[in-house]
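Worksheet: one structure, shown below.
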Amino acid sequence: MRRWAFSLAAEFGHVDITDEVARLVEESGVQTGTVTVSVVGSTGTVTTIEYEKGALRDLRRALDEIAPTTAEYDHNAAYGDGNGFSHVRSALMGPGVTLPVVEGRLVVGKWQRVAVFNLDNRPRDRDVMAVVVGD
Amino acid sequence: MRRWAFSLAAEFGHVDITDEVARLVEESGVQTGTVTVSVVGSTGTVTTIEYEKGALRDLRRALDEIAPTTAEYDHNAAYGDGNGFSHVRSALMGPGVTLPVVEGRLVVGKWQRVAVFNLDNRPRDRDVMAVVVGD
Amino acid sequence: MRRWAFSLAAEFGHVDITDEVARLVEESGVQTGTVTVSVVGSTGTVTTIEYEKGALRDLRRALDEIAPTTAEYDHNAAYGDGNGFSHVRSALMGPGVTLPVVEGRLVVGKWQRVAVFNLDNRPRDRDVMAVVVGD
């Protein structure tokens, strides 16, 4: 188990944590199992993506269409904190990802990286938990 | 392991099961691991969200754009059961969520709740399974 | 643990692997736990769906709206491989799914099937990993 805190920019701040997750898996001693990586909170997500500028911008644009930052949200009307879009995006994507561990290693494709996203409308220190289970 | 049945309204019936999941985690005795919570069936989902009326309505509105209830679906044309939108929404969101268990407790943020959604076009008694794994 | 390779068509090639996953669960001897099924790579996904032509076409249509094949993507501008839409779709849906194992069996609903999708813009032999954890 490991807990990290990452300072991430507002709206779509992101960080590639593949190396940290791979190291945790190796140190855990688990040979066959899974690793779950999850943001603590309801305005972030963890998923896998080819971590390059273009694909990241494309994902941001898709999220901007699904839940535009400038739309009207009932959450904002009630709380005035302006992050209604963040809650929708996070609920749709889910807070985290579970990946296979085989022969003591994290299994990801050549270009597949594990990335944390702060979807909130303000910069956040995001707590991320990773847990390895298995034998 | 626990199995619950929740009577949920059509289209977007929801229930906050965070307390039930947290209790299951504590009773399991697992100190470090994960808990997976999943709807049994292909027209529901479990995710995390700030469980307040506004954010819930906002999520519903986003789903209404992604897969409108009134659009034409090939599933409906073939089966006439009218829940084509439900299948699309559930496949996109996935049936469940996996969350970390640390120091014997479910890890969620202050406002992050575990919620079950019935996405079907009729009221359903939804079976939900939760399983804790780890040590 | 099991690793399969499936030859899948471009854009939305799919295969129902429920029987393979159920067999793996039974052979694992795990009575209570989870099974995680995940595509290796950043242009595929695994989810559950009623595996019939109509619902599959409906899901494809929804993905075509969320991230159209013909839109402009920064990923394509940088790499020229034309699969920007694939990366967006896969990042949004996530690479895999985790399902409950109870009384030694995979828990799915009557119509709920586990399906692998190749979302890339070319036919691919997709590696899929499945891992059972629990007791």
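Order of writing sets the labels: A, B and C. Residues in every chain begin at 1.
Following the convention adopted for this analysis, contacts are C-beta pairs under 8 Å (C-beta built on N, C-alpha and C of every residue); 3 or more make two chains touch, one makes a residue touch a chain.
What you see is a predicted model; the values in this text were computed from it and never measured.
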item: Interface numbering overlap (same over half, different under half) for chain A and chain B; value: different
item: Cα superposition of chain B on its sequence copy chain C - rotation in ° rounded to nearest 5; value: 120
item: Whole-Å separation of chain centres (CA-atom averages), chain A against chain B; value: 19
item: Junction residues of chain C, two or more chains touched; value: 34, 66, 92, 94, 98, 133
item: Of all residues in chain B, those that touch chain A in their complex; value: 32-34, 47-50, 52-55, 57-59, 62, 65-66, 92-94, 97-102, 107-113, 133-135
item: Interface residues, chain A side, partner chain B - complex; value: 1, 3, 34, 36, 38, 40-42, 66-67, 73-79, 84, 87-88, 90-92, 94-96, 98, 127, 129-131, 133
